[in-house]
Every structure is written in structure tokens, then in C-alpha cells.
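The following pair of complexes shares a single chain, subunit A, combined with subunit B in the former and subunit C in the latter.
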Partner chain A sequence: MTQSRFQALVIPAVLLLALAFLPQFGTRFYIYLVSLILIQGLLATSLNLLLGFGGMYQFHHAVFYGTGAYATALVLTKTGSPAWVAFAAAPLAGGILSLLIGVVCVRLSKLYFGMLQISLGSLVWTIVYRWYNFTGGDDGIHGIPVPDAISSGVGAYYFTLAVTVVSLFILYRIIRSPFGMTFQAVRDNPVRCEAIGVNVRVHQLIGMVIAGAFAGIAGSLFVTVEGSVFPELMFWTLSLEILIMCLLGGWFTFFGPMLGAAVIVSLQTFVGIYTEYWTMVLGIVLMMLILLLPQGVLGFFMERWIKISRSEEN
Partner chain B sequence: MDFAANLTLSALGQQILVGLSRTTILFIVASGLSLVLGVLRIPNLAHGSLYMIGAFVTYSVAMALGGGAFGFWLALIVAPVLVAAVSFAVERGIFRHLYDREHLMLLLFTFSLTLVFNDMVKLIWGADYRSLSPPEVLKGFVTIFGLPFPRYNLFLLMLGPVVALGLWWLTNRTKIGKIARAAAVDREMVGAVGINVSRVFSSVFVIGCFLAGLGGALVAPTQNITQGMDHAIIIETFLIIIVGGLGNIWGALLGALIFGLTDSVGILICPQFAIVFPYAAVVTVLLVRPKGLLKSTW
Partner chain C sequence: MLQVTALQKSFDGFMAVSDAHLHAAQGEITAVIGPNGAGKTTLFHLITGQITPDRGSIRFKDKDIVSLPPYAICRLGISRSYQVVNVFDRLDVFENVRVAVLSRQRRSFNLFANARRMAVKETREILQTVGLGDKAGRISGTLSHGDRKVLEIAVALGNRPELLILDEPTAGMSPEETEIVLQLMRRLRSEMGITLVFCEHDMEMVFTLADQIMVMQHGRTLIQDRPDAVRNHPEVRAAYLGDDEC
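Moving on to the complex of A and B:
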């Protein structure tokens, strides 16, 4: 127990230290890559709150990410508000959209929920895609005036790192809170929860709003790093890529999605250098994964690890 | 202003006809998806890709045979059959090992198929769009309600009921259809009475995918055949089968009608955001009946 406690503290600490000093020795390319991994990792972790801890099939999570990104971008470009308003707008917009979509969707469960959610999310995408006057349509918005302090590669990186770490910490605390415990109980047995007086739908709705808000935060980080937004940010294929990150990293673990994001984003970047058919590579990797490792990579190794430590105890 | 000018009675009537011909395509594709979902419990995201492949193959076959009427009619048969063959290989090769997995895994697996199929389409046909003209007989316009109406859409309008009737016959009058309906309700029981469930599943999957290919083949002359035409259709058909009731073919017909009509009438009211109308209709229906209009097999 003490050993695993020790590992649980030391590994993140070392990792965090390495990330904090990355700009000292990493090239611009790697700083950018790690920023993207952190953003998509935060996005995948927020999805996993619903998927792994809530048992909800949120198929279209990217829509809240895109909404957050657009909220920040629109406030920065169209109003003269201070920057913090733009960054506060992202979780707000993500949360509100989550509430709207959630109210319709939580009446259903599992696959029904997921299919309706992906459809309603796609409607948001369609509106953004066609509303040229407001969102810039399929061109998106470029040259967004991000505040000077965080507009450089290194500045954006540190901002992303700080926000991601704080967000992950809050998400972790939420999962460990009484609400989080009830939320997991709803995942395991919704019927019994209903019977003992837990309002299942309200819990699921709150979970969706939290996840949507954090996805929005990830979206605003994307604006910081990239300086532009475009409708692909909320296209449903991105949502499925995030689902894959959760699956790949292991969706019953907290840090699994972050690991999955690291693998997928790196794969995307490095395979993308050699061939334009990188999605086919992703598809084949995914097929192998589903056929061979249904628990995900981290889940697979954790299972092995638990087995080994148990056999040692005996 | 625009609204008043456009919304004459004949324009409305014509838009309804356009909507109905669109409904035919939507129904054909959605019923295939619904069939697979109802019996095999697979939410097949690759259904849209198969539809796209159907359209591209139709183009290629028609062009290879000189672009004439004969080529077109032959393509209309070859394309769905080819799509069915591909799906047969996938089902026998991979899917049958995955039936007891969770829905989420199945969904992600079909997504990985989508990724592979779409890149294969890009590899074979390139990134450009194609367009195919209908055969001579179906070119041009007829006058309905005093306005020109494309002959090809008229053909689709007549085809819709034929396909619906064929599906009804298949599911209610043939042995395989009856077994498939039974398997949708209780697959263990069907296995217990000595029926080879695996073979039934395989046939249903192939029929469902055949319908995707058929939809793609039929839509080919009406729009540009492009990369990405799979995305729109898969989301639309998802909505259609949700509103109709998962796994219910008549639900798919009802859903397609709602979707096709609200979309085409919405164009008269607000062209830029016409797409919002079918979604609004679907959400309204679901607020009243969360599990769809007709009885779901789930």
C-alpha cells in the first residue's frame, strides 16, 4: 500500500518537473507537440469523467471543445473585453451547451443516449459551419489577438501546462468527492440508485455540464496555442478520436486518457510526416487494439500488475 | 419577404415532392442501418462509408461502360452487390468474433472501419469530386404543379414504395426475415431451437449493407460524389432511426419522411439554416416520445 502510494506521488511529480523544464531543452516543435498533447489529454480526461466514471456514452464530446474555442475566439475578436472574460467564456459556453443537449439526452440511456447526442452535436457543427457572418463558416477565425504574455510558443506552453494541471486536479477531486462517488454508483447500478433515492438524471446532467465545461477550457487552450479556430474542432470524427484516446489509455483509470492522447497525437504527428493516409494507420491500430486489448493499454498493464502483486501477497 | 414570395402553393407542393424523393434515399439507407442495429446490435458507423463507396462504384462502372444508359443500369446493380461483398468479407472475417463485446467497442470498431474505408476511397478515387448524369430516359424535367420537376426524382419517388414493399416482404414473408425478427427479440432462444444464428446475422448484415450501397448508387446522379458525403448521411440516418425507434424498419420509413419533408419545406423558409428544421422536428418528437415513434426492438 505504501509503495503504491509512493509511486502515485513520485511518478506525477517527476513527470511534472520534466514538463516544467521542457522549454529549456526542447525545440519549438516539441513544445508545440506537448502543448497539443496536454490540450487533447485534458479533453479526453473530461470525456472520461462521463465515459469511464459515469458509464455514459457521450459520442460527441468535441462539440463542447469547439464551442469553448469559438467562445474565446469570438470574445477576443469581436468585443473589447479583457482577456480573462474570453477565457471565462469558454467553460461557460461549454457548460451551457452541455446543459441544453443534456436535458434532451439524459432521458435516454446507453446507445440511445449516444446516438442522440452525436446527432445534436452535429447540428451545432452545421450551424457553425454555415453561419458565415458570425463564425466565419468553414474558414474559421484566424489571427485571434491572444494576450501578449501567453501568445509566444513558450508562454502558451506554460499557460496550457498550468491550466491543464489545475483542471486535472479539480477533475480528480470531483471524482473523489461524494458527488463523484454517487456518479460512479449510478454507472454501476442506475436502477438501485434510483431505488435508494438518488436522482439519476440530475447526476448525469451535472456530470455532463462539468465535462462540457472542462472541454470548453481545453478549447480555449487550443486558441491560445494555435491562434485560430475552425469548424473541424467540433466535427464528430474528432470526438471519436478522443473516444479512442480513452479506450487506448484505459477508460477505467484517471490518467489513461492523457496517455492515450499522448500516443494518438504523437502518432498523428509522426505518421502524418510520412504519409497523408495516416487515418488508415489509425484505423488499423484501433482494430488491432479492440481485437487484442479490450481493456486499453494502461488497463491491460494494470491488470497484469494487480495479478502479479496479488500472487506475491499470497 | 423572401418567405412570402417563395411560399406559393405550387412551390410548396413541389418542395414536398423533392422532399419525398429525398425520403426514398434516406429510407433505403436508414432501413439498412436499422436492420443491422436491430438484429446484430451493431451501431454501424461504417454504413455511411459503404453508401459513399456505392456512389463511387456506380460512377466508375457507368463511366467504364461509356456513360450510357446500359452502364448506369448495370452500375445500379453492380455497386450494391460489390458493397455487400465487402461487408460479407468484413462480417465473416472480423465482426463475428466481436458480437459479445460492448456496444461502445463495436461502435469504435465500426469507426475504425470508417477510417480505413475512407482512406481507401481517397486512395482509389482521389480527392476530387465526381458527377454522374442520369440515363437519357430520366434526364430533363416534367411539369408538375406548373413547375419543372426532375424526371430522376420522379423515378426515385416511384422506387421508394417498391423498396418498402420489398423490405416488408423480406421481413414478414420469408423464412430468413422471420428468423431475423425473432433473433432481434431473443437471439438465445433462436439459437436454442436449433437455428444457425451466425448465418442469420451474416445475411442480415449483408442485406443491411447492400441497402447502404443501393442508396449510394441511387443518389449518385443527384449530387456531387465526394469525400465526406458519408458524414452527412450517417448523422441523418442516426437521427431517423432514433426518431422512428431503433431497429424498426417502419420507424425508419416514418423517420425518413419526417426528416425529408421538414428539410425540403425548411428550405423555403430559411435556406441557410434549413438543416435546423429536421433536427427541431426530431427533438420535438423525442421530448414527447423519448424512445421514438414506433416500438423499438431494443
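Moving on to the complex of A and C:
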């Protein structure tokens, strides 16, 4: 038990150290790639709060990511506000949109919840896609004036790393909190939860607002790294991709979605160099996942790990 | 403490409960009996707010609780267990009960404290009371049927109820396990002062344990009275108990 605890502390510590020193030996390309992985990993982790720990089929999570990105972009380009306002606007916008969509959707049961959410999310996408003189329409917004300190590749990387680590820490605490424990009970059995005095819908709504806010934060990080926004950030195909990240990494584990993001973003980048049919590779990966690793990669290893440590105890 | 009057509920034209009456006095054990499909479970669902009645009244501590949502009814002091085991399968035994305790302590909205340090004492006490103390770390989905039924009761106790409604607490249990639950129910009444309402097919258990027995048939209450009066009621004998039971 102490050994597995030791491992549980050492592996993230080593990983974090490696990430901290990456700009010293990594090329620009890798710094950029890892930034993207961190952003999408944070996005997937925020989705997984609902999916894996709340049992809620949040099918269109990218909307909150895009909303966060646009919030930061619009504040930076259209107002003279200081930069921190732009970055605070992202979780705020993501959270508020979550609340609005949540109030409408949360009374519905699982699948209908997801379906209605796709429709409402697509509505938001349509508005952003068409509203040329405010959001830039399908062109998006480019050349966003990100503060100098975090606008270079390395600066953006460190900013992304710091914000991601802090965000993951907060999300982890939330999952371990009384709220998080109740949320997992709601996932396992909403009917029983009502019977033990838990107002299920309010808990689900709070979960949605939290997840939406952190998706918004991920969106603002995208603005930092990329310096631009476009409607694809909230298109439903991206929602599908982050859903696959959660399933691939292991949706009943906390770090699974981050691992899933690393795999998918890397595949996307490297396969994309050789062929434009990268989605075909994604399809094959997904089929193998469903057939071979229904618990996801991390879920699979955790299960083995638990089995090994159990047999050692006996 | 609980007063159910002329309760009625139909599903798509099927009258599940047509005229149910039930009263449970403070500190007493009340049994609800009747053949399968008599409407016992529906009656429990109605009392705990999982479904809303078409007609009739349910009063708990002189307060009308009809049309309150289940979580609000629970907070007033009514807990229940389910006929089919209905717990949190991915959580371990300890966490199953802790969730209920946290809910009662109104701490389920706390986002940042560490839940592992909370409600430990009370949860442990409940597990000791029901005899699951040594299985606290097991994932509830892996427990035996008997233990899961007991966990059902333990989760319900996490809310520190005044009225506990048990839907067939010993269904599918071995005679030894049944005896343990029987003792447990007695202790809940005598040591914790909990008022109990339960339904059961095991007539021996019903007649040894209950202070009051309510007999249901086709969604109607035939009679509610003391066990000996129920035993001698002609309509009950004819309709339900049969000759071999007496």
C-alpha cells in the first residue's frame, strides 16, 4: 500500500518536472504540441467531471470551451480592459452559459439531456458562425493582442502549464470533496440519492457550471497559445473528440482524460503529416478501444495494478 | 406519526392503489402484508414521494407531505430501503453510508474540504450497528446479497430517520440472515427509538415482530389492527392467510 502511494506521488512529480524543463531541450514544435495537449487535456478533464464522476452525458462540451475562448478574445480586442479581466471572463462566460443550458436540460434523463444539449450548443455555434460584425463569423478573430509576457511560445507554454496544473488540482479537490462524493453517488444511483435527501438536479447543475467554467479556462489558454479564435472551437465534432479522449484514457479515472488527450492530439499531429484521412485512424483506434479496453487505457492499468497489489497482500 | 388516508394512484388506467389507509404510531413497528401486486411497494413509493398520488392524504408529524419531492420528505425524517437492492455500486460500503450522513449534515455542497475526514465517526457507528464494520472497504457491488440488503438499511440510517420504511428487508435471505435483520429491527426501535413500517412475505416474522398489521388486497386496505385481531379477521383468513398459515 505504501509502495503504491509512493508511486502515485512520484509519477506525477517526475512528469511535472519534465514538463517544467521541456522548453530547455524541446523544439518549438514540441513546446507547441505539449501546450495543445495540456489545453485539450484540461478540457477533457472538465468534461469527465460530468461524464465519469457525475454520470451525465454531456455531449456538447466544446461549446463552453469555445465560449471561454471567444470571451477572452472579445475582451482583448474590443475593450481596453486589463488582461486579467479577459482571462477572468472565460470561466465566467463558460459558467454562465452552462447554467443557462443546464437549467433547460438538467430535468431530462440521460440521453435526452445529451440530445437537447447538442441542439442548444449548435444554436450557440450558429450565432457565433453568423454574427460577422461581432464574432467575426466563420473567419473568427485573428491577431488577438495577448499580453507580451505570455505571447511567445515559451511564455504561453509556461502560462498554460501553470493554469492547467492549478485547475487540475482544484478539480481533483472537488472530486474528493463532500460534493464530489455526493456527485459520484448521483452517478451510481440518482433515485436513491433523492431518497437520502440529496437534491439531485441542483447538484447536477452545480457540476455543469463547474465543468463549463473550467472548459472556459481551457478556451482562454487556447487564445494564449494560438492568438486566434474560430467557430470550429465550439463545433460538435470537437465535442466528439474530447468525449473519445475521456473514453480512451479511462473515464472512471482522474488522469485518464489527460492521457487520452495526449494520445489523440499526438496522433492527430503526426498522422496528419502523412495523410489527411486522420479521422480514419481515429475510427480504428476507437473500434479497438471499445473491443479491447472498455475501461480505457488508464482504467485498464489501474485495474491490473490493483489486482497485483491485492495478490501481493495475500 | 404517519397517517395515510384514502390514498389512490393509477398508472395508465391500472389502479395500483385504490384506497389505502395506514397509520403508524411513534415507536411502533407496523407491518404491511398482502399478496404480490397488492400495491405495497407503490404505497411506499407514494409515502416517500417517488410518485405522487392522484387522491388522498399523507400526513407526517401533522404535516401534509403529498407532492413534496423525495429529498424534502427525507429531510423531514422519513428514510426507506428498497426491495431490490438500490445502493451506490461503485462506491465502497463506508462511502455508501457516508454519502447519506453528509447529506443529512447538509454538507453535500461543500466543494473543497476533504470528504475522507468527514462523518467518519457516525458512519462507523452505523456500520457497527448493522454489523458491516469489517466490510467497510469493500466495493458494494461485490458484496453478497444478504450484506447488500443490510447495506440498504445502513444507508437509510445515515439520514438518522424518525420513521424508517423497509420494503421486504429480508427478501432472498437465508434463515440466519433473516434472524440478524429481525434483531436489528428490534434494536433500531428499542435503542434508537425509530418508528418502523415494513412489508414482508414471511408471516412468521410479521407476526412475531409487528405491533400493528395492515393488510392490503387489490390496492385496498382490508384492515389494520393488532396481530391477533388480524389473525382472526374472517376476510383476511379467506383472502390471504389461508388455512395452513393458522
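Here are a few things to note about the model shown:
In the analysis below, the second predicted complex is superposed on the first by the 314 of 314 C-alpha atoms of A that agree within 3 Å, B and C clash if a C-alpha of one lies under 4 Å from a C-alpha of the other, contacts with A are read in each partner's own complex, and residues count from 1 in each chain.
Operating definition for what follows: contacts are C-beta pairs under 8 Å (C-beta built on N, C-alpha and C of every residue); 3 or more make two chains touch, one makes a residue touch a chain.
All figures in this text were calculated on a predicted structure; none of them were measured in a lab.
When the two structures are aligned on the shared chain, A:Tyr172 is found in touch with neither subunit B nor subunit C. Applying the stated contact rule after C-alpha superposition, one finds that A:Ser119 touches subunit B and leaves subunit C untouched.
Of the two partner chains, subunit C is the only one that A:Ile196 touches; subunit B does not reach it. No residue of subunit A is contacted both by subunit B in one complex and by subunit C in the other. Only residues 173-174, 176-182, 184-185, 187-189, 191-200, 203, 206, 210, 252 of subunit A touch subunit C when the two sit together in their complex. Those residues of subunit C lying in contact with subunit A across their complex are 48, 50, 69-71, 74-75, 79-80, 82, 86-91, 95-96, 98-100, 102-104, 107-116, 118, 155-156, 158-159. Taken together, the subunit A residues at the contact with subunit B in this complex read 51, 57, 59, 104, 107-108, 110-112, 114-116, 118-120, 122-123, 126-127, 130-131, 235-237, 240, 243-244, 247, 277, 279-280, 282-284, 286-287, 290-291, 294. For subunit B in complex with subunit A, the touching residues are 43, 45, 94, 97-98, 101, 103-105, 107-109, 111-116, 118-120, 122-123, 231, 235, 238-239, 241-242, 246, 272-273, 275-276, 279, 282-283, 286-287, 290-291, 298.
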